[in-house]
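Working notes for the structure below.
Should a chain be cited, it is by its letter among A, B and C, assigned in written order, with residues numbered from 1 in that chain.
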Amino acid sequence: MIIWVTIGLSVTAMGILAVFFTAVLGWANRAFHVPVDPRIEACVEALPGANCGGCGFVGCREYAAAVVCDAEPVDRCVVGGQACAEALAAIMGVDPTPSLPYRPVVHCGAHTADRLLRAPYHGEPTCAAANLVNGVQGCTYGCLGFGDCQRACQFDAIHVIDGLATVDYTRCVGCGACARACPRNIITMAPFKAERILAVACSNKDSGKDVQRVCKVGCIGCKTCQRTCSLFTVKDNLPSIDYDAYCPDDLGDAIRAMEKCPRHRIVVVGKPSAKDLAALGDEALPDVVTPDFKTTVDDTEWRG
Amino acid sequence: MSTPSAGQRFIRGILPENPVYRQMLGLCATLAVTNNLKSAVTMGAAVLFVLVCANLMVSLIRHLLTPHLRIVIFTLTIATFVTVADRLLAAFLYPMSKALGPYIPLIIVNCIIICRCEVCAAKQGPLTAVADALGQSIGFTLALVSLAAVREILGTGMWFGFRVLPAAWPDWVIMVLPPGAFLTFGLLLGLTNWISAQRAGKEEA
Amino acid sequence: MTYLIDILLIALGAALINNFIFYYFVGICPFIGVSRRVEMAFGMGCAVTFVMTIAAAISWTMTRFVLMPGAPLTQWIAGWWLDPQTAAGVDLSILSYIVYIFAIAASVQFVEMYLRRFFPLLYRSFGVFLPLITTNCAILFACLTIMSRLVGVDDPAARWDLGQALVLAIFGGLGFTLAIVIMAGIREELEACDVPTPFRGAPIALIVGGILAMAFMGFTGVDNGLKTALTPPAVVAQAPPTEPPSGAPTP
């Protein structure tokens, strides 16, 4: 008898419990229902899902929610680019605005041999740590070359080559992780109005004499560029380019300024030009017996 | 990737996919009951019983499972068998059941079992599921025994309660206390990683 | 007064002396897995504390009134068919594990829905951890501890009441949070350290855990010291931590 009562009570207890929790959860599901806009899911589908944070949001889902709920512009996704912006615009029913691809520019042009007064450093091999130590190298503005940007990049698009961070624009998607990682803030995100744009490859704001003491190539603040072209403004011994006024089709004065610069600090950055690719192609050919030094990469304008 | 056969499942569980050293699952039990070999072996046996029964059961009802109720069903199945194991231990090995205390019921939330139900039993037939359960729980028991052997002999100089080291051995009491579990497991895990790295290096060379 | 001291000792015991992670090894999986970033560890800790409190309340109620031998509700219903002497033998405590895990799963689901509706900010900060908690040993362990203080305790006065059960859950959860936050802080620093390759990741985390566990062993005996110090009500003094006992505690 007792065994049957125990079994019966067990079954009843579990049954009541099951019914109770089912009822509570079922009610909660209805009562606490959160309406989720189906467009958010659609936007998440359209986004690349890299969660790189280049849009300024934590991840793709957060950006999708912001697009739907807070009417964020649809062109923020740097990885997906134009195609993604159009897809989002189609979901949201708005006109896609042409988005400028932003790409990082390293404002330093000194390779290991160009940097003077460099001391041996045995600390933690990161830029963030080396930046805190005085006297790792003479130039307190330029690239340290320990590769914080390289480690920050999820797309294998920035590498420290001969002591200088160098962007591989064929791989770069413009998420801006390297710019955030650089402790010296020498990487900025510039609007690439064309495949290749002009940029200033130095960050040193000291006077010409001081720069010459610490760097073989750094900008000496001679203002030649400012006199030649209105795009350049020299402030604190360092020129900057007004990218708002920058027009890739009309660069006559700017090209002249670039040629005139005594330290060659105004450079063209971007994807390798046809000329560069041709040069690389030539280099790769095994049957070229007498290499023409004029056509190697180093001699071209592509110094970025 | 084709689904592994029963034999493969069995072999994999013991060393290549050892639940403790490779998958880092079921660590509560691993750390808590390994202060002597006796409780480690008992724990291993209890997990073997529960895992075999749960895997078999889940494998038999695998066509009835619905995706979002899956985990709840696994957990309740496991809880039932754990209750059975707990009562069996209390009936036949009362001192052991007292010593293991809450760690027998904690088998319910031991990730190894849910993981095996999910990975193997919910997809493959009863025979494979049982072979997998046997392999995994033997692997688990081996890991527990390896840990307990180190801890017990260093902590008390004994194995299974029989003196192995001379009585002059200064018992490293810390080894049978909680910190010893962390330290021993950390060091053994490092050792396993080192050995497998060495073997991988040899194969490449 | 004795009740207050008792509560204090339970709180201290759950949070520090017998810390869930460093003494009982429950909740090791998130300790190794989630404790990489301090914010994540804190979110996980909050979620665990929250669910633990709810699960403790449910399991205490269920155990006290339905599951334990001689529970009033069961006795009353069994009394319909059985004479009082036989009815006293009806014992539903075999159901306890299933009921606990069921209660935990259901309350996790409920909390998730509730937070999502009413506290979206909170949901965003620790909602992602909630599904993981169903299989968190620490919560079931809290339920089992409460059960062990009800089932098999013959003296009715010594049985825990709801307040004691809740204090255990809240402070146990806080101790858990403390442990994983400390660990996350250390692991953030470890990222930059030159650890030998085989020890990267989990092994070094476990060794650090061992050293932390040793530190937490320093609290052993504080409860006894406090008890002796507080029991004569006139004397209120902080007892110095006594030496850890030489014998091995059975975990």
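The rule is short, and it goes like this: contacts are C-beta pairs under 8 Å (C-beta built on N, C-alpha and C of every residue); 3 or more make two chains touch, one makes a residue touch a chain.
Being a predicted model, the structure only gives us computed values, none of them experimental.
Listing every chain that touches chain A and chain C alike gives an empty result. Put simply, the chain farthest from chain C by mean CA position is A. The pair of chains sharing the greatest count of C-beta contacts is B-C. Averaged Cα coordinates give chain A a centre that lies 46 Å from the centre of chain C. Chain B and chain C have centres, each the mean of its CA atoms, that are 23 Å apart. Between the Cα centres of chain A and chain B there is a gap of 47 Å. Contact with two or more other chains is made by no residue of chain A. Annotation for chain C: residues 94-95, 98, 102 touch two or more other chains.
Partner chain C is touched in their complex by these residues of chain B: 24-25, 27-28, 31-33, 35, 71-72, 75-76, 79-80, 82-83, 86-87, 99, 101-103, 105-106, 108-111, 114, 155, 173-174, 176-183, 185-187, 189-191, 193-194, 197. Chain contact summary for the complex, chain C toward chain A: residues 62, 66-67, 74, 77-78, 81-82, 86-87, 89-92, 94-95, 98-99, 102-103, 106, 109-110, 113-114, 116-118, 192. Listing the residues of chain C that touch chain B in their complex gives 22-29, 32, 94-95, 97-98, 101-102, 105, 134-137, 140-141, 144-145, 148, 196-199, 202-207, 209-211, 213-214, 217, 246, 248-251.
Contact residues of chain A toward chain C in the complex are 1-2, 5-6, 9-10, 12-14, 17-18, 21, 24-25, 28-29, 31-34, 124, 126.
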